[in-house]
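Right, one structure below, let's go through it.
Letters A, B, C, D and E name the chains as they come in the text, with residue numbers starting at 1 for each one.
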């Protein structure tokens, strides 16, 4: 039985002090995305890459949920599955109260304006043969019946919003720097006034000096339009900066979910602890003092995850039970949940 | 915010990316020479007949087997037909065959390649289909198609057009597979590109994704296939002539002229040299153009 | 890998059956008539009788099934009998050519050596010429060597072999009288003298074909080398202090050969298929020449069988190419 | 760190220019620094600031053409690497100077086994026999913490994860006990947990082997944890050079300062809003005639646009290329 | 002396596919087989019959042919042996007949044995052939390259449906000719050596022979005339100037001989309009313009045959105005007016027949019918040259001409399903060449009987392509079938020829000979168009 991530209990929700939190915008329940592996003489399906294996969480309107984890743990897959860019294997996804988990692609089209995506690689996510205005205008072409002039005006407006010079409208992506390209991508995502944007590592490909520009822009836009973000990143420090709540993923599962303060100050799951301790500190004095938890080995393959707890192969605090039983999810503090056997003694299993 | 790079770019006039391609292309000497020659050949065979007004089928018995002279700069053939006029007319056919057959094979190859690459469900089927064509021995196939359809087409389009359509069809239909494979491979890769994903996240329907995002970005392999395709078609046409399967003997094409003259290589070497040169140089030119295009369309190289 | 191979082989069975059907129907639809080469003096009734004797009276599907049975059952039995002295095929009808009324497979076996003697070496020589040219052209991209190599390979690619063949004959056989213009297929090599003659008669057809093959393969080799020369591991090899020779001929070449080897493997069926035009020009009566004569004579069983064998070879070597790819490239495992 | 000892590597006035179709790129401009035995010199700077090109230029790994490398001298072991012959360079590369590159995925040759690739420099530089080299390779793999080393020697790169490949790269670089190890962003492509593993490994190895290391990165955190001394590069120049603690305590170049402020942290106070360095990195089309950071610098004044600042001594073992004096809070008083 | 002259190298650019002439009607097979297999009698270079295996040629005069023309009695030479050493007997001769006429074998030469009722062998050397009808020309069976004698012992199990599967026999028949097959590679090369049991102990002069096939005529010519690699090359259909040039190299010479082959244009008397559907090109609908004799005649007058010969055949062609040009006794001179081109005359003729160019487009009309023709032929370089030049002449006299050429395998294929056979003749005029076997024109001239017209009822078979149909002509045919006397037969044949010519049902163009090339070192070659070219290979020798 996969751990079903509990829905935050009402009182827990009330405890979240963020005034923005009012309504659940995105509700993900037991989401699974398995990619089949075919092999053998007849190309029979012999197994699957369990890229995402039973994930549940909520995103409140106006907040930013950070999603962190190592490469290949399934972060992008979650983001894409929520937007139904994949046909999901199991589970439900509700956006703005509408179930889209299994809606056919053709009907999804009408939903597209509410949910948008910003991609990791600003170079790769822009068609090199389309001009900036065409790229930003594409969603408008698809979903609105604006006249040419209206569209032009809207595109200009969007370019202003993301801080792109209007004069660049007729240029092509390769004529821009990385940060500018990412702005184009953001402008495209904003074109239809979405409520919810999945940012899939929007800054990973950018230079340090540019990253901050883009993050600030995202924050400004959120403040201005009341946007909701799912901010996927492996950069824990940037997530700490931008996210309100943070989910930590390991091999297709969420191992810990908590508010930013809780997570960074008192990480509970051994993986989260290791992950945080591994982040180097740009300060030689602190660096010297950090007690690092060095994990051994690598992330196992999602096609063949270990039995029991996914993390048991690398966990410094591994117990016998971890190798046999999957840990359920425990709410160890209001709004702070983790899936680890360490907490089974002290905490009651949360409702599932 | 100020953008240093952006400002320097603002100084440059806005330009279509084809200009970059052209700039890069210009630096390839072979390609430029090829292009100039190819344009020259095209102009010669299509405009030439307006200047050189001798009818290529007119028989001037007194001029039989005459060497080059003022009246017949390239000489006259065994019936006294003007070889220059026949070269021009033959070039028209050969080049038209090259261009249209290439076009056909390109359209087919791209179509199949895109379908197979983009729609996973069609992939297996279409690729088997492509393999099938690859495994079909071309020569008998060519032969049978020519025999089967020569006359219905002739009836439909008239003598010359009929056989032209047929040859073009035959060459096109037997040479699209490489293009299809390359295109499919590229589409498979492009499909995973984030901008395609981005388009899908916007809700762009597949058809438009293909037209707007996929097709323009596989231009480079397509263009290269195109140039190779022209060369290939011109050569195939001449080989067909050699095997007696191409255009009828009284219908000049470069391949046919070369074939007819090859027995007289000792008596009238110039009759072999002209069409031989024309074919080789055209193919060479087109190949160089292809090489240049490949470089020019490759952003990795163009960026350098 | 094994699974992959088996799967591919299984898939190829329906493909091949379908191909055989397509060929059969095409040949059947083709308007040619095996009687067309019979002189006009032979009266129509006689021709009709001859046609019947060829089995042309039967309906298409019967003829097709018959051919399938003969090809997949009788002919293997004959081969078996031949090898082990058994007599499974005794009295069974083999695939018979319309032209010669002899079993097609016997003729194929008879033709194979001369095709292999000429097309085989030309392929090998072509490769041997092409690889160094490709390697050097890529390593010294845009050097004069590269330019000349490119030019020559394009010439090789663009001159029709029927033209270059005749040219060689006129120069070397007629004018210089160095080599025979007509290939002697009955010649057997017994001593140095006869070996020398064999070499002499092979030189022209082999060089015509080798030029053509070399042209294509050197292009592939160059492109593949260029791809690999810019890879990071080349820099690593240099950083290890390896000499340029080792870097290029061991590290880069090994990787570049992967696609080229498969291209070469894909070309092997053409060796068996013969080079129709070249064989024709030099009278190397190999499989290609046989195919073309059979086509002219509307010898359907011959054309059908030959083309099908080619199809099998093509499919087979496609598979071999893919498997080679897997073997050469440790990253690729087809399972 | 042995203070005062003669440097193992001394780079003076190194300049690298790329001649490309779209104009010249002045990637490295008069870079000078030295490396002392046993120390770890960190180099930071944003992407494109010339870190990699500097390192590759000094050991002749940069492809020339298009690059033109010039300079006063690169002294290493009594030899000037800039004027050294190719074979001399080759004897140094991999033997006395080891390299680890950024991308472990592409830096290993995919078609050779790990064992072969580790043994290659051993056999070339140390003249080992195969069994000797294999034993040493195994020892190296164990040294870099790859379990089951003997068996894994026979594996191909693709069978290793990114972190393990990077260990293999390190093993190769260490194979011949080099005096200097140059690591060009060896952890950038890796996850933080794997990066932590590698950094830990580096600590251990330095303790054990005591070689001098140049460690390139753009991650200030990594530098803080590993380096003894730091060079900060911007626009192809070294803009600041200091002991690691000095640098973090008292950055004396506005770029370093800005860089330290922009990076968010996982520990300590969380900044409400990120500081940004406005603008874009410079374009290196010409040799610098002004301070390349001037356009983005909040402290810049008229002189910065006129003149390219030299590196001024701002403290013991600490220099910065800036006309602004942070101690004085105004323009530096220099000729 | 036998075998003294070493090796002779022959090239047939179309390679023989079998050595059994009964299985293939093709010339290349017949000729190569003639080196091994022999008939009772052959025709020599003049068309006269010479005994080969027979003692003499039986005639009515010497009593060999019965007076009622229904039996012919052949006597074998004595002491003839097969190459394997066994004796040749009359049983072998009889078997040859049985072999070819056995049911289900598809013998290509069965027409040679038409009307043979029975063959008797009273003794080992005598063969009596009984015909069902009177045969004025009884030399079909066992005469000429088409009907040689095969060994009964070898072929006994190969009759009927088994004919095809006897590959070993078909590839290496045991014969009585000068050579024995050592190795036969179909469509490639035949290696032969001298027959040890050949009847003349001094012959053949060559110990071995190869017949190589493949390539094209130019290569074959080159191999004999320019490089000297081969001694003899067959059938060099090449442009005259190319041949002349090759010959000038001095290594060999051309051998030309004329048989009965005439390149001709057939005129369609029926309407090939597709609109007629089933009745297209049948006698039900006369041709709208070609029914007018004036038009047919004008077409013929406009042609310069002299020039055609020069362009297409050179020494291998002669101008002819007859469809029956040879043997000499049959050759008519009544139509020789056609030898000279007469464009003006043709114009005048059309003018007077009412065909005038009323709308000034250069094409004559009459009663709203345009003088426009579709001219078809098989695909062949010389024919296309002819078509092109004839088209130009015809357009000069105001006849619009559209050219079409059809692949020979279709054109001559006789497939009833194809619309493009020369029998269907779905065109206005067509050009090809035809001849007849041996020296007797009876069957040939009967081609233009009414009943020979191809039509749906006959599955479009038949040789009367023009659909020429007059009672007078049919009467002459019937008469000839009854006449045995040579002079009379000649009269009749000439009359038929003249009738066809003067009706312009057939427009003869060129009397074509065969050109072969022989090396200057090869002696004894006598070119022969009436039988196999290699008919006297036993007499060939190496010029010293």
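Assume a residue touches a chain if its C-beta (ideal position, glycine included) is under 8 Å from a C-beta of that chain, and two chains touch if they have at least 3 such contacts.
These figures come from a predicted structure and were not determined experimentally.
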item	value
Touching both chain B and chain E (chains)	C
Centroid comparison with chain A (C-alpha atoms), farthest chain	E
Most distant chain from chain D, judged by the mean position of its C-alpha atoms	E
Rounded Å distance, chain A centre to chain D centre (Cα mean)	33
Centre-to-centre distance between chain E and chain D (centres being mean Cα positions), rounded to whole Å	91
Computed distance of Cα centres, chain D from chain C, in Å	55
Geometric centre distance via CA averages, chain D-chain B, whole Å	51
Chain C: positions in contact with at least two other chains	31-32, 174
Residues within chain E bordering two or more other chains	216, 407, 410, 420
For chain B, residues contacting two or more additional chains	1, 3, 5-6, 147, 262, 266, 303
Interfacial residue positions of chain C with respect to chain B in the complex	11, 15-16, 18-19, 22-23, 26-27, 29-32, 147, 150-151, 154-155, 157-160, 162-163, 166-167, 170, 174, 273, 276-277, 291-292, 295, 303, 306-307, 310-311, 314-315, 318
Residues of chain C defined as touching chain D within the complex	231-233, 235-243, 246, 251, 254-255, 258, 328-331
Touch list for chain A against partner chain D, complex	70-71, 177, 179, 207-213, 215-216, 219, 234, 236-238, 240-241, 260, 264, 274-287, 292, 294-296, 298-299
Chain E residues within the chain C interface of the complex	11, 15, 17-18, 20, 23-27, 104-111, 161, 163-165, 167, 170-171, 183, 185-189, 191, 210, 212-216, 219, 222-223, 226-227, 229-230, 407-415, 417-418, 420, 434-437, 461-463
List of chain E residues in touch with chain B within their complex	216, 218, 238-239, 241-242, 245, 307, 311, 379-381, 384-385, 387-389, 392, 402-405, 407, 410, 419-420
